[in-house]
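By letter and in written order, the chains are A, B, C and D; residue numbering begins at 1 in each of them.
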Amino acid sequence: MIDRPTQADTLKRLAKIEGQIKGLQRMVQEGRYCIDIIQQITAVRRALEQAALGVMRRHVDSCVSEAIRSKSGQAKITELMGTIHQFMK
Amino acid sequence: MIDRPTQADTLKRLAKIEGQIKGLQRMVQEGRYCIDIIQQITAVRRALEQAALGVMRRHVDSCVSEAIRSKSGQAKITELMGTIHQFMK
Amino acid sequence: MIDRPTQADTLKRLAKIEGQIKGLQRMVQEGRYCIDIIQQITAVRRALEQAALGVMRRHVDSCVSEAIRSKSGQAKITELMGTIHQFMK
Amino acid sequence: MIDRPTQADTLKRLAKIEGQIKGLQRMVQEGRYCIDIIQQITAVRRALEQAALGVMRRHVDSCVSEAIRSKSGQAKITELMGTIHQFMK
């Protein structure tokens, strides 16, 4: 399960991303240059990837590790690989 | 420059994405299952890609097309390819 | 249509990629460390992206530009955006 | 370490990818339509992702799992997350 440090770190990242989304809305309303808008979307996309990697790290450190130690790792590893695959696309 | 339909469509997408980010914050605060959080981040990432593609389409339809018609397309095409490259990474 | 310089550049890139794939086959046969194999696959993936961007640049410079100049750009731009979307996933 | 089934599966995938690269070289030599070339590159890129995911799955099943069971999982998990991050970009 998600722990306090990961929770705090992820909430901080999401708060920043929410601010970036609001900034994007202003950029679109003001009719800013399309390339600048796309580059800002790219920045948000990377911030989301970082947030996902932080949660994934915690998940491997906790749920997946516990499952492996109790010899029931296969289902958790299959689920993790499926999630990585979806995220990659 | 961004036109009314693209502006309206992009703002609608961004408003939905903002809601998804708020939903993610709740999921993290409630300590929801890590895989569910990552899958929701994946969904937001795709929504952002769709928004970026909409703006890019408009950019090619307007700025890039006008530059090509006035025989000064090279700089705009170089800028576009650089932006696609950054977005792809 | 693809021109001589893009053709030569793309063939050079593909020849290098073919060599990297053969190198990967040796790595797998020799039972090399999984992380090293994955990192090499990542390198090939980026080389492929560069090759695709080179061809895309040429396509925008030629076919898409000609279509735009002859006022029939819409179909080409739709096709291009669909291809970028597929490539992004 | 990579096991026989993963080795066989990965070699089969790489042999197919090598064939696809040769096919791409022919397409470029014959001056085929740019969009067809890019779509074929997209297909190879996905085949590479599948190969990487197969090796990653094996790596988590073996090295990472063993490290976790012997209470030295942290370094392996950090390495894995770094590799996923690189692959994602």
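Details
Note that in this section a residue touches a chain if its C-beta (ideal position, glycine included) is under 8 Å from a C-beta of that chain, and two chains touch if they have at least 3 such contacts.
Since this is a predicted model, take the numbers as computed values, not measurements.
Over half of the residue numbers at the interface between copies chain C and chain D are found on both sides, making the touching surfaces mostly the same. The centroid of the Cα atoms in chain B and the matching centroid in chain C are 22 Å apart.
Each chain gets a centre from the mean of its Cα atoms; for chain B and chain D, those two points are 27 Å apart. Here the spacing of chain A and chain B, counted between their Cα centres, is 16 Å. With touch defined as above, residues shared between interfaces to two or more other chains in chain A number as follows: 49, 56, 80, 87.
A ring topology is adopted by the chain contact network, closed into one cycle in which each chain touches exactly two others. Listing the residues of chain C that touch chain B in their complex gives 49, 53, 56-57, 60-61, 64-65, 68-69, 73-74, 77, 80-81, 84-85, 87-88. Within the complex, the chain B residues that touch chain A are 1-2, 7, 10-11, 14-15, 17-18, 21-22, 24-25, 28-29, 31-35, 37-39, 41-42, 44-45, 48-49, 51-52, 55-56, 58-59, 62-63, 79-80, 83, 86-87.
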